Amino acid sequence: MIKVRTSTVIDAPIEAVWALASDFNGLPAWHPAAAESHIEAGKANNEIGCVRNFALKDGSGRVRETLLAASSIDHTIIYDMVGGPLPFLDYVSVLRFEPVTDGDRTFAVWTAEFRAGDGEPDKWGPFVRDEVFLGGLKALERTVKAR
Amino acid sequence: MIKVRTSTVIDAPIEAVWALASDFNGLPAWHPAAAESHIEAGKANNEIGCVRNFALKDGSGRVRETLLAASSIDHTIIYDMVGGPLPFLDYVSVLRFEPVTDGDRTFAVWTAEFRAGDGEPDKWGPFVRDEVFLGGLKALERTVKAR
Amino acid sequence: MIKVRTSTVIDAPIEAVWALASDFNGLPAWHPAAAESHIEAGKANNEIGCVRNFALKDGSGRVRETLLAASSIDHTIIYDMVGGPLPFLDYVSVLRFEPVTDGDRTFAVWTAEFRAGDGEPDKWGPFVRDEVFLGGLKALERTVKAR
Amino acid sequence: MIKVRTSTVIDAPIEAVWALASDFNGLPAWHPAAAESHIEAGKANNEIGCVRNFALKDGSGRVRETLLAASSIDHTIIYDMVGGPLPFLDYVSVLRFEPVTDGDRTFAVWTAEFRAGDGEPDKWGPFVRDEVFLGGLKALERTVKAR
């Protein structure tokens, strides 16, 4: 099992960060890898069990992920990956925020556990940690500050 | 602050219990105090932030509660009370289930924290703990087993 | 990674259960597999970081485990295995109790994550779950009730 | 109930921060308000249930606090106050750290819940939050960096 954990500090209040990051169907508004996204038929956005279906900007395909848990108290969402071009198995991810009262900033943690279906765990762990998660959180910060 | 905690063991598998209890708009299907329920305009059922609005069977009025968190991993929902005939302030409640592998049963915990706006905490703590929560969990068990 | 989870209900109050189970050096008082136990030099029992060293009754050797976390609020201990005859790698275990207010009983959960160093995960998962954990919790209940 | 929460980011690796902060009897090494400290008779330092007894530098008396929980996995300690010159009732505090991988820093959170026995909650909440907790964490950072 590959275990990945990225954490950083976003120089913006948690309310502004959470407004963007809690929108399960809203990845294209801030994540550099995500293009168009929609919720699959039969569910509403942010409903537990809904599936987001978004295009990757590099044209490699579409990713499908299920919302497993969400908390506006703990500023946390948990989701798994159920389809797409990445060779990941049993992928579950947690995105969590906490206020940093000293400076009105936001502590952000993004973790995942998964197996690499192509037998290349040494490649995919750092890719998720650095490209998808740290790159995503940095872009989230830029987007929040530009609003 | 009044703190209330009720826990029991339901003699049914967690999947069956959770199917009923995770339906935020579905209280009338199992809770003895709830009559008709609907989700207020603009949200879907089980969407974080949605408000359920249900009638009390005793005719005393309608209760309005917001879904703050839900997890299909931890089998937990968290909600607060934002309106109704009960004199409660700052009411937040957690309903949580865990599998009991020995016997394929379900451990159920229902907690709340609130203040009594009418100055009668000694009355309302036991009422919530015994009538609303323990009575509700016993009715949930009966409903699950009757299906 | 092998993931094991056993849970049951002990027909005794949590105070009595926790008094026995929270004694990190006290396994021989209730677990059928444990004979003599001591804390290794330089630490006190129940000090975070202490190592218990206990003999297995079947004569196969001694197990060494480190106390990583303990909470008298959440009635939880977490420990890892750092030596002994069992072919386990990266073994971390959580033992947790919660009161069942309905009947003054105790919900008990014992989990572990580990890898099998001998390549026999299908053998060791059920062994830990059924023999070590469920057998242990049943013996804990008998011991508490006999006092 | 007064609820206080202070969080900041310490510019040092979590291992160095935790080495200091996890030593329950070690407050005088870093907290500006603490002078001499010892563990009361019959327990070892860092043993769950031990009581630290430390002098306040302002000469107002000695504070006694019990270690309720500690986790070297979650980098957390929980304790309550059982004696001293401060007019606090039902005081329970949590001190927790998480790694900030981006920059090898440490997120620190210090919370407390208590009642003011002298009827001055508006005085004591900010005092604990700003003087005891934020002041303490800033001093912890200085101490770690000076080593």
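Chains here go by letter, A, B, C and D, matching the order in which they are written, and residues are numbered from 1 within each.
What we mean here is this: a contact is a pair of C-beta atoms (placed from the backbone, for glycine too) under 8 Å apart; a residue touches a chain by one contact, two chains touch by 3 or more.
Source: prediction; values computed, not measured.
A.B. asks: What chains, if any, are shared contacts of subunit C and subunit D?
C.D. replies: Looking at subunit D and subunit C together, no chain touches each of them.
A.B. asks: Which chains are in contact with both subunit A and subunit B?
C.D. replies: The shared contacts of subunit A and subunit B amount to nothing, since no chain touches both.
A.B. asks: Go ahead and note the Å separation of the Cα centroids belonging to subunit B and subunit C.
C.D. replies: It comes to 33 Å between the two C-alpha centres.
A.B. asks: Using mean CA coordinates as chain centres, what's the gap between subunit A and subunit C in Å?
C.D. replies: 36
A.B. asks: Testing understanding: with touching defined as stated, what is the shape of the graph linking the protein chains, line, ring, star, complete or other?
C.D. replies: ring
A.B. asks: What are all the touching pairs of chains?
C.D. replies: A-B, A-D, B-C, C-D
A.B. asks: Over in the complex, which subunit C residues touch subunit B? Could you list them?
C.D. replies: Those residues of subunit C that touch subunit B are 5-9, 98-103, 105, 107, 109, 134, 137.
A.B. asks: Using the touch definition up top, name the residues of subunit A that touch subunit B in the complex.
C.D. replies: The contact residues of subunit A facing subunit B are 22, 43-49, 68-74, 78.
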